[in-house]
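Note that chain A is present in both complexes that follow, paired respectively with chain B and with chain C.
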Partner chain A sequence: MPTVYVNDKPVEIGTGKLNCIQAAGLGGVLIPSYCWHEALTVVASCRMCLVEVGDRKPDGTVVMQPKVVPGCQTPVKDGTVIVTGEYDKRDPAAAALNYPADYTKGGKPGERAKKSQADTLEGLLINHPLDCPVCDKAGECKLQDFSYKYGRAETRMVDEKNTPPNKPALSSKITLFTDRCIMCTRCVRFTREISGTAELQVVGRAHHEEIDVFPGRPLENKLAGNVVDLCPVGALGSKDFLYKQRVWYLKTADGVCSRCSTGCSTYTDTNKDIVYRLRPRVNPEAQGHFMCDEGRYGYHFANSGERFVRPMVKTDGRFKPAPWTQVGAQLRQEVAAAVGQAAAGFAAVLSPFLTVEEAFLYASYFKRLAKEVPLVLGPVPVVGADDRYPKNVKGEPVEPTKFVIRAEKCPNRRGVEAVLMHFQGAVIPFADVVRDALPAMWFAGGYPVKEHVEEAFPADWKAPALLVAQDLFPTLLTASAKYILPATAAFEKEGTFVNHAGLAQSFPRAVRPPQEARTELQLAFDLLGRRGLAQPGAIRAELAAAVPFFAPLAGVVPQNGVKVG
Partner chain B sequence: MPYEPILLARVAQPDSHRLEGYRADGGYATFERALKDLKPEQVVAQVKDSGLRGRGGAGFPTGLKWTFLPKDHPGPIYLCVNADESEPCTYNNRILMEKDPHQVLEGIMLACYAFKSQKAFFYVRYEYGDAFRTLQAAVDELYAAGLLGQNILGSGFTLDVVLHRGAGAYICGEETGLIESLEGKRAWPRIKPPFPAIEGAFRKPTIVNNVETLACVTQIMKRGIDWFKSLGVPPDPKNPRDAGSYGPKLYTIAGHVNDPKCVELPMGITIRELVEQHGGGVWKGRKAKAVNPGGLSMGYVNVETKLKDSDLTEYDIPLDFNGPGRVACLGLGTAAVTVIDDHTSMVDVLHNTCQFFSHESCGQCTPCREGTGWMLKITDRMRRGQGRKEDLDILVDVADRIGIMPGTTICGLADGAGWPVKTAIRKFRAEFEAAIKSGEKSKYAKTLSVVGAH
Partner chain C sequence: MPMTEADVRWVQEPKLGFWDQIYFPAMIDGLKTTVGHLFGRKITEQYPEQEPKLPPTYRGVHRLNRDAEGRVKCVACYMCATACPAHCIDIVAAPAPPEWAGREKYPETFVIDELRCIYCGMCEEACPVDAIELTTLYDLTGLSREQMVFDKEKLLSVFDTTTKAGTDPVRTQAGRLSVASEPPPG
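What follows is the complex of A and B.
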């Protein structure tokens, strides 16, 4: 097994091609860096990851290189010795290597790397405005973190700083605080290598260089928001999030984006039950390092004031709020009666926005009422074609594909279909039932875009006598319902989505449902007559036991998800 | 006996840039002979055995560089001719290109024949309009004469020479910066390895050679190894890593001298001889204070400072590949000697130096980008009479820590930016301290404007 020595500690690196940063990371040692990013090419220009390296020969002698080298650019192999600036904080259990006598030239191992890093930070701060109190990045800023950890306490710079003008017109969604930029060029490389759209570039030279776009060619592509995450400092700011929250107030929960069938892993940043920001969570199984702007800015629906927040019953042609205790009992009665009259005429519509646990409980409920109740897959919104990145100058996708925004704008079609297949051996598409005049329908929706619901209904659609519409927003459907139930957004519930490739990702709840809204899971749980609070984990285990398709979901689902089917 | 120039032998002739005249002087006979009689490996061996070291600044052995190309590579292999001669006060390549382009072109042809390259890119800096036009005419003449193009003289050897005009940036003279610029990108030097000989222009093996180096190749192939080794300085027997400084060298003399010019001399002439005998001495009857031994980035020598155990001063160091290094300069560089007289303030000199490098830093690596800018700001303040004592230490600290020598940058521009700063302050510290103490403003109150549209 190839072994490298990180601050004297032997670390097995396996067969992968790693650089010093990655190898040190395996050994639990952080080598700070700005320009290096796993998904982008190496430029080795920020000079923050400087380390001392050498080779340990099989006979135990060590040969060290005379100068510091950038860790990002230096590949490791069996016997590589890495000495970082934090050598003095090394693991005391590791035996010191047999360093050559002339290696440190009177100093200690790691001192040169440490000084080089401090020097780099001093350089980075020379023209940095140090406006952390008004900077959105403060609190999650690598320049702050590393300056605190590796930098000098005081500046020696007494001259005027460069103050290039800010560039709010860089993009409709992104602004550039030019003076904060440390020229790591991650954003430039992202637009060249991942989106392929190449809007960003470096202009000027030396300490007057800046990130910019060509005049009249702003940074507008569907992946542009990622440059804000990539920016290690507060230079690129998301206009969507700017000045909304100080990041130390935010609570972060893992999430899965619900806006297309890629099912990007995300972080959901919230405060006081309001979602403020979505960020991609690295998941090689799902999407990689990034997420698209549709998903990133697609959380606003959850905070919308138009949402249904309590159940309502139509009485005398008008919707009146009603308490859950009353609605629950009424629903159970009316649904049982309708199924009793004509089970085959009662369409139970389960949308691809439901989690698999919710679909499972709903399906169990309806099929328990009568085997003949048709379980229908709700409208599956498809917009255009899959959008593949990177693109070339003509906007055509280029191989190898690095990111796909899928045309199917829902997170869990495959999961809901698998539930339906289990219960009735077939998936009934929504178009098959919407044509017929049905006596009763339960529509479990949860569509963030109301047009996606309305487009699925023909103009001459006749509403059933008993229509239970559970959705986020008022639509033509809810207008003709007898019962309107509030649906919940993906952030407001715990559950599991199965993406286009059959990857099941479980996610926790990030915020509580608004006002009196209850999760679909809890409602189905109540309808089934079970007592107490619905525990998604327990139901997931039940599902995994009952449906072979979901067997891999038994036990703890790994953070990166698990393939089902 | 005065030295008879070889590389510059033809520059004074009328129409020296024409093919006709070059052929009349025996031009291209060497190339034709090589095509007919020599194997490519023999050409490589002859250049390698001559001990020729690159004339661009770093002094890397040329023949050795050629052998770094992958063996039996299916091609293409490229030659990039570095004519981005941007080091201040350096114009030795310019004279060759304007006055004797065929000598350089023959060197290109020999080099390409040697390492089986079928394409040479001649990267000429933007400011050299005359050189570019002269070269273009010379290349056109060669195509017309059948000396370039497909199947040259029926030998089966094919070579195209492409002239490329830069856009005016010092960094394009760095070999990988040049390659990036040639590829149409921003001239940001590449991280090495891979070195260009393995992966260079358009991701193919590439050799980057200086114009004067290639002119030397022509003469080595024409006159032989013994002639080349009869000139210059043999290796220092005490230094096993010294490859010697053989051959003729073009020295340019600039600054405060009576007769600034480019002269060809065997390697190893001292600065004093060069300035006094060839540059006509220091102007206006003054004395020299500091000398830049080989382009701005090599640092300064103090004319007064005595060498150890000797009556000689730093003024007497030989201008070979080792000489300037003995007095803490970076190296021979481009052998462009700039003389600064004793009426000039070193504060102004240093400020001007810093202005150049902070303007020309490509801005890729943090230490160089911010370091050069910071040094400019400090020296600018010193020039305005507001220097502080600690500024000198900061300048030396910053100058010491930027560059490939400490390992903090990708290319050598930062070393070149730091060297003049640290040598000036270390060697003229008393003058700087006095200037700071007096608080006097520079006589040149206004900042010198930077010329050029870039």
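What follows is the complex of A and C.
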């Protein structure tokens, strides 16, 4: 097994092609860096990852390189010795290597790397303004963190700082605080390599280098929001999040994006039950490092004032709010009566926005009422075609594909389909039942875009006599319903989504649903006559035991998800 | 280190003698102190007729300072709200108006609940631009809870009145982080 020595500690690196930063990371040693990013090419321009490297020969002698080298650009092989600036904080259990005398003569191991890092930071801070109080990045800024850890306490700069003007016109969604930029060029490389649209570039030279776009060609692509996450300092700011919250107030929960069938892993940043920001969570199984802007800015529906927040019953042609205690009993009675009259005429529509646990409980409920109740897959919104990145100048996708925004704008079609297959051996598409004149329908929706619901209904659609509509927003459907039940957004419930490739990802709840709303899971749980609070984990285990398709969901679902089917 | 028996020292209450038991000498002793105060320097303040002169470090009602151009000095960094142990400060930040040269962020609203506040002065200490200060105003009254919730305009008016009256000159000049931390007019 190839072994690398990180601050004297032997670290086995396996067969991967790694650089010094990655190898040291395996050994639990952080080498600070700004410009290096796992998904982007190496430029070694920030000089923050300077380390001392050498070679341990098979006979135990060590040969060290005479100068510090950038760790991001230096590949490791069997016997590579890495000495970082934190050598003095090394693991005391590891035996010291036999460093040559000409190497230790100039100072202890790690001293040169440490000095280089401090000097690099001093250079980066020469023109960096002391904007931390007004900078949105403060609190999660790598420049703050590393200055605190590796830098000098005071500046020696006596001259005026460069103060280039801000560029709010860079993009409709992103603003550039030019003076805060440290020229790591991560954003430039992202637009060239991942989105391929290449809007960003470096203009000027030396201390007058700036990030900019061509006049009239703003940074407008569907992945542009990622440059804000990539920026290690507060130079690129998201206009959507600008000055909304200080980051230390935010609570972060793992999430799964519900806006297309890619099912990007996300972090949901919330405060006091309001979602403020979504960020991509690195997941090589799902989407990689990034997420699209549709998903990133697609959380606003959850904070919308238009949403249904309490159950409503139509009495004398008008909707009146009703308490759950009353609605629950009425629903159970009326649904049982409708199924008793004509079970085949009661369509139970389960939308692809439900989690698999919810779909499972709903399906169990309806099939327990009568075997003949048709379970219907709700409208599956499809917009355009899959959008593949990177793109070339003409906007055509280029191989190899690095990111796909799927045309199917729902997170869990495959999961709900698998549940339906289990219960009735077939998936009935929504289009098959919408034309029929049905006496009763239960529509479990949760569509964040109301057009996606309305498009699925023909203009001359006749509403069933008993229509229970559970959705987020008022639509044509809810207008003709007898019962309107509030649906919950993906942030407001715990559950599992199965993405286009059959990757099942479980996610916890990030915010509480509106006070008078109940999650679909709890409602189905209550309808089934079970007592107490619905525990998504327990229902997931039940599902894994009952449906062979979901067998891998038994036990703890790994953070990166698990393949089902 | 745990306490041992050797660390404990037992003391006995002294026994009362004859003179102690008749209490008369002790009463004379006490009256001496009382009568002494009748002829000594008067230390009672005749509040409210006579208002006390408080030290400039007294921690009374808050104010929001203005900069040289009369704009609110606060840059809405939320440091005070973060430092506040009573969670009585509520700020809503927004991009500064475009005509405010050199300013990027400002508080759209800035509300302090003076009833929740414990007047510890942590907000003042946390402020990087010396925008929030506690004044020597102490006689804070109101007829309702809502009246005691001070918004930005009210806090700025406290600045105007206290600087005009000269009771509270701008004290803290420690932070010089941005243009907003210039000394105020006058």
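Assume the second predicted complex is superposed on the first by the 564 of 565 C-alpha atoms of A that agree within 3 Å, B and C clash if a C-alpha of one lies under 4 Å from a C-alpha of the other, contacts with A are read in each partner's own complex, and residues count from 1 in each chain.
Here is the rule we use: a contact is a pair of C-beta atoms (placed from the backbone, for glycine too) under 8 Å apart; a residue touches a chain by one contact, two chains touch by 3 or more.
Please read these numbers as outputs of a predicted model, since none were measured by experiment.
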Exercise. When the two structures are superposed on chain A, do chain B and chain C clash or fit side by side?
Worked result: fit
Exercise. Is A:Ser45 contacted by the first partner chain B, the second partner chain C, both or neither?
Worked result: first
For this session: Using centres of C-alpha atoms, tell me the angle at chain A that chain B and chain C span after the overlay, to the nearest 10°.
Result: 90
Exercise. With both structures placed on chain A, which of the two partners, chain B or chain C, ends up touching more residues of chain A?
Worked result: B
Exercise. Does the superposition put A:Arg246 against chain B (first), chain C (second), both, or neither?
Worked result: second
Exercise. With the two structures laid over each other on chain A, which partner does A:Pro133 touch: chain B (first), chain C (second), both, or neither?
Worked result: second
For this session: Give one of first, second, both or neither to describe whether A:Ala206 is in contact with chain B, with chain C, with both, or with none.
Result: first
Problem set entry | Least C-alpha distance (whole Å) that remains between chain C and chain B when both complexes are overlaid | 21
For this session: Could you tell me which stretches of chain A are touched by chain B in one complex and by chain C in the other?
Result: none
Problem set entry | Interface residues, chain B side, partner chain A - complex | 169, 186, 188, 191, 358-367, 369-374, 377-378, 380-381, 388, 390, 394, 401, 404-410, 454
For this session: Enumerate the contact residues on chain A facing chain B in the complex.
Result: 42-48, 50, 67-70, 73, 115-116, 119-120, 123-124, 126-127, 156-160, 162, 182-183, 201-202, 204-209
Exercise. How about chain C: which of its residues touch chain A in the complex?
Worked result: 75-79, 82, 93-95, 104-105, 128-129, 177-178
Seminar exercise, completed: Touching chain C in the complex, chain A uses residues 130-134, 138, 166, 177, 242-244, 246, 248-249
